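In what follows, structures are represented as structure tokens.
One chain, chain A, appears in both complexes that follow, with chain B as partner in the first and chain C in the second.
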Partner chain A sequence: MRSRAAAQTLGNAGFSDVHSLEGGMKAWDGLVAEGIPEAGMAYFLGAERPEELIGLSWLLEDGSGIFYSELAKVFPEVERQVFEMLEQAEGRHKDSLFGLYQDIFGKVPDEHFPGSVLRDMPRERVMEGGMSVAEALQWTRDKDFSDVLELCLSLETNSYDLYIKMRRVVDDERAIRVFSSLAEEEKQHLKRLTAILDERLSV
Partner chain B sequence: MVKMGLHDYFKPVSTWSVEKVRELVAERDPGEYVLVDVRQPKEYERGHIPGARLIPLSELEDRMDELERGKPVITY
Partner chain C sequence: MFSHAMIHYLSWKCRFRDFLEGKGQIAEVEVVSHKDCDLGRWLYSEGLAEYAALPAMHDLERAHAELHLTAKKIFDLKKSGKDLAARQEFLTLEVNCMKVFILLTELAAKIG
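For the complex of A and B:
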């Protein structure tokens, strides 16, 4: 079993606190992220300054918010409420980003944010998880609620994955803070989304 | 290069249950632990635990310095 062999190797090399996951990935029943290790990072490529990272992240959250608000328009009452809730959560994430900007720079972003902090605006609207909003909406066209929720979970999980990785690769203290904060929020968001999906699937 | 004798090979490895790791991932800050996927790239791509790094087992010996010491390391 590879994971035990790996733990063995690390233990022998002096790593003192090593553990192998029992059953490996096959046994994992938690969140699953997809994609290559660098997935999504290209979006942030070229952005070094914290304000750019905040601006780009804000755009992702904004994209997700638009996605959810469009879904709320096509689903009936009970399901609509779920998407409205998700849209509101994105709004709060955006507020957090403003708060973070303020903590770092001592003032709120100006009215031209994020254009004012980005060198170039991305060509199309992208949402968390890296999909274009248009593409994601196209995919949901004739899918049922559970399928759509699974897509949402998948995209948000990939987003969480990305924020954790971005935090690892950036050097700037302030950039680390941006991604730590985003990862933490995404984690909470995912808990909520998972609870909704579980509830929905058990009906 | 650390030599592994026969008795080392059979030294018990600590295993953590899925519940325990899921709780770790759900509750702790990602900076507090190290999660390493030691499978092949295609397997990682198809699905991995969020935040996990990929170091295929065959590369682990050479790349273990990428992993921080002093934090729990979970391999899968």
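For the complex of A and C:
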């Protein structure tokens, strides 16, 4: 099962000791389920070095930005604003990661970034949660706003989790600061999305 | 990982809905028992023991059990040919799922 391999790769990347629930979640039989794109694929990249972590994060933020941008095109006004807010946030996260790369390495990433810093680039565009952007968009086509919102909540939770892990595995103070800040922002998104879901519960 | 649980439940809910609309199949065991699904197995083996101090964990246990109770009711309605009633009851399941999602998010933010 691909997700098992992904979890192993995550462990190989040094994440296992920092994942508070990893041990407790042995009972999970992976998250693969029919009908939804599989998460975790991006972890096959096996990122370990700071530049890889930055590149991987940037790649996932970029994919998520595209995902939210496409969703904003198909949902009506009020719902569209949620996706636009998320798209703008992903853009800011990419800027933060770009800045972090410059701070640490003293140069602007080259034109092939993030491909130039990752050992293996996925063949298709991926986003937070490691999902294929195309597959995720395909999945959303016959779904209503609540379904899509729940998917976004899952992805943002996954992203929050990833930044917490990254914060714990890096040594560089600047990287710790940036990953902490990104985790905090993801947490704010979670609060916002949860509030929207809460509103729908009370309707 | 809580995000995995969320994706699992989102997928499960959509497959269950497809089943009610005659577009697919879902195993009864996946629907009726709150202790035999992935989240249930984790909750009752290590989750509740490890995070017993968190009130949200107990809220999650209740919301999750309620979700499966609703799911069982829907499954039984469908089995007895009451398709319309099953689809109407699915609205309650949507609300149950939202509650579980919100609690999983809260726990992810606390434990992370």
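Annotations
As a working rule, the second predicted complex is superposed on the first by the 134 of 203 C-alpha atoms of A that agree within 3 Å, B and C clash if a C-alpha of one lies under 4 Å from a C-alpha of the other, contacts with A are read in each partner's own complex, and residues count from 1 in each chain.
The working rule: a residue touches a chain if its C-beta (ideal position, glycine included) is under 8 Å from a C-beta of that chain, and two chains touch if they have at least 3 such contacts.
Computed from a predicted structure; not experimentally measured.
In the superposition on chain A, contact is made by A:S180 with chain B only, not with chain C. Contacts of A:G129 after superposition: chain C is touched, whereas chain B is not reached. With both structures placed on the common chain, the touch criterion links A:L151 to chain C but leaves chain B unconnected.
In the superposition on chain A, A:R200 contacts chain C only, with no contact to chain B. By the touch criterion defined above, A:Y160 reaches both chain B and chain C. Shared-chain residue A:K143: touches chain C; no touch with chain B.
Shared interface residues of chain A, touching chain B in one complex and chain C in the other, are 19-25, 27-31, 33-36, 157, 160-161, 164, 183, 187, 191. Listed in rising order, the residues of chain B touching chain A in the complex are 2, 4, 8-9, 11, 13-18, 21-22, 25-26, 29-31, 36-39, 41, 43-54, 57, 60-61, 64, 67, 69-76.
Interface residues of chain A facing chain B in the complex, by the touch rule stated above, are 2-25, 27-37, 157, 160-161, 164-165, 167, 180, 183-184, 187, 191.
Across the interface of their complex, chain C is touched by residues 19-25, 27-31, 33-36, 39, 129, 143, 146-147, 150-151, 153-155, 157-158, 160-161, 164, 183, 187, 190-191, 193-194, 197-198, 200-201 of chain A.
Residues of chain C that touch chain A in their complex: 1-8, 10-15, 18, 24, 38, 41-42, 45-47, 50, 94-95, 97-99, 101-102, 104-106, 108-109, 111-112.
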